[in-house]
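What follows is a set of structures to go through.
The following pair of complexes shares a single chain, chain A, combined with chain B in the former and chain C in the latter.
Let's turn to the complex of A and B:
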């Protein structure tokens, strides 16, 4: 059965709710809706309400676009809805929540690997640079 | 006309020998004449309170000179099939009513685009967080899509790859607003017709109304690009004396306001005197007086007093203006003589 991606607006009373991603798009082209849904319902199942979108592929100007309906996000969080980790990370980057600790961890890991790669590359190029002088 | 006048002046300044040896310089001279420096309503003074003043609006409207035939002309917009006109028998009363209705619709169609100050750039940094450096190589743009928020009030922020969270600048704001809340006939990227080379081509074909209409749909009125395009178009119109093309359209008011604001009304005034619209010329001087807080004797709409006063004190093109005033006086005298002659012939005087 197909449900409207904007949400059905229907949910069981007192059910646990979560704000999370739903993968839309197609093969090799991810695109996410940010929805509030009942926790027990599978990812592609009916959402209660769509709260935003997230396009993880950078566009022409090298930007990742996120749209968030903050008014409704506030409402659902106020009504006890949980947020998934990836949504929390995104809300942290948006300045809505404090920045998620894993964002800092990933950032520092990335920096370290980058530095190591740069060091390696410079070590590899060094003998090449000196070789014409030796010859 | 006036561009030729300018050109003539420049041609006479260049000695003939020089002209013969370096013909290329003549072309350079021509090109320089056709390129304009856009003038925008800058931060020094805000035009909006003056422009939206009801008196100024009514002056601009009278300068527009509403002609219903032109307002309801056939327009090739490409989106509507033309309707077959219907003919009706009407009493005089009904006819008056329909004409009143048409005037009301014309008022709506002639609503002038706003003239406002150019917007200030946004550079507000919310937080700098260097610990986030390296998280992502591209920047994230967060747009608040909550219901019922105006485009101008919408919260749009950017998280840069170096961890800075800042408010989006105007270009990004425009793009995001058009992306999530599209306005009809507005494209995400600026159409190429607004680029200098294509714009000058369009202007040379006198497609002023097309350019101005398109600019109105594409840009917000405080956009520097809007002010650039309209200012170049207005200058082109002013230099080529193409005021008649814009009459009875919604763009004539902003054009007159622009020329008055930047003290460049001589061509328009000359055209008004040459076409014997002395009341409009006085309206223009009233507008000039309002904007630059000077007083000309323009109470009597048919008198030439205010105009001669303006020519003496503030005009840049004194010669042509004085000649035009003299020509108008002669015409008026001849007309009076003819009138009297006719009356004498009828044995009334």
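Let's turn to the complex of A and C:
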């Protein structure tokens, strides 16, 4: 059964709703729709409404493109919809929510590895720099 | 192991019944060992060490998560207050009608105000146009009167000229004298030309002596 990816608009009255990703695209080419759906329904099942898109593969300008319908997101969160962790991360980067702790943690981790790599590189180059001076 | 082999055999047997060529049959494998296999003997009592973050990092992480959760909670509460359908006011028809009526009254007030302004400007405009048309009419009247006067003058001039000319008209009293004068002074318009182009007037009567002979030059 195929459902419209923009959403069916149908849901049970008191069901738990969640704003989450739905994987579209194809093999080796992920693309996500951000939808509000009933929590109990599987990922590829009928969504209530599409709220945005997310393209995780960087384009030519090294950008990951996101589109979000903030008006509807506000409405759905106001009416008790939960958000998945990955969506919360995106919303944090978009400035809708505060920045998610995992974003800070990964950033600090990346920074640390970068610093370590730089340190290692400088240590490697040091003997090369000193050798011509000695000669 | 034996059990697994048996399972395998069973699988292949069941497959054989369906597949047309049992030689090229392949079984699906998940990871390194089939799913129904138990934990390997060598890994049976292995306990992986629990990952522990440094104390500082753990405190920092907890702080981040705590503040994040409180902030998200407050945002959620705000949105719920603002957008939740439960908090929205129910549609009241009476109130809606009243609102429409009030809106109409307000609109009509604004409309009246505009009409007043437009009326003022219109009256000014009409007054101005009237004055202009009156002036124009006066101007046209003056022009027309001037034309009439001129026409009258020309007519009077013509009459005067005719009157002047009428002194020489031949009236019944002057008829005899005029006839006598005509008989005494015949006019002959005939003339002849000689070779030099001289005009010689008169054929039967003698021309009056005061008329000079004219010369007509032949065209080349």
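Rule of thumb we're sticking to: the second predicted complex is superposed on the first by the 126 of 135 C-alpha atoms of A that agree within 3 Å, B and C clash if a C-alpha of one lies under 4 Å from a C-alpha of the other, contacts with A are read in each partner's own complex, and residues count from 1 in each chain.
Going forward, contacts are C-beta pairs under 8 Å (C-beta built on N, C-alpha and C of every residue); 3 or more make two chains touch, one makes a residue touch a chain.
From a predicted model like this one, the values you see are computed outputs, not experimental measurements.
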Which term applies to chain B and chain C once both are placed on chain A by superposition, clash or fit? fit
For A:104, decide between first (touching chain B), second (touching chain C), both and neither. both
Could you say whether A:78 touches chain B, chain C, both of them, or neither, answering first, second, both or neither? second
Does chain B (first) or chain C (second) touch A:114, or do both, or does neither? first
Taking CA centres, what is the chain B/chain A/chain C angle in steps of 10 degrees? 20
Is A:66 touching anything from chain B or chain C once the two structures are fitted on A? First, second, both or neither. first
Tell me which partner touches more residues of chain A in the superposed arrangement, chain B or chain C. B
Quick one: smallest Cα-Cα gap between chain B and chain C in the superposed arrangement, Å? 12
Please write out, lowest number first, the residues of chain A touched by both chain B and chain C across the two complexes. 104
Show which residues of chain C lie in contact with chain A when the two form their complex. 61, 64-65, 67-68, 71-72, 75-76, 79-85
Spell out the residues on chain A that touch chain C in their complex, using ranges where they run on. 74-75, 77-80, 88, 97-98, 100-101, 104-105
Which positions of chain A touch chain B when the two form their complex? 52, 58, 62-72, 90, 93-95, 99, 103-104, 106-108, 110-111, 114
Note: in the complex, chain B contacts chain A through residues 126-127, 129, 131-147, 155, 157, 159, 163, 165, 176, 179-180
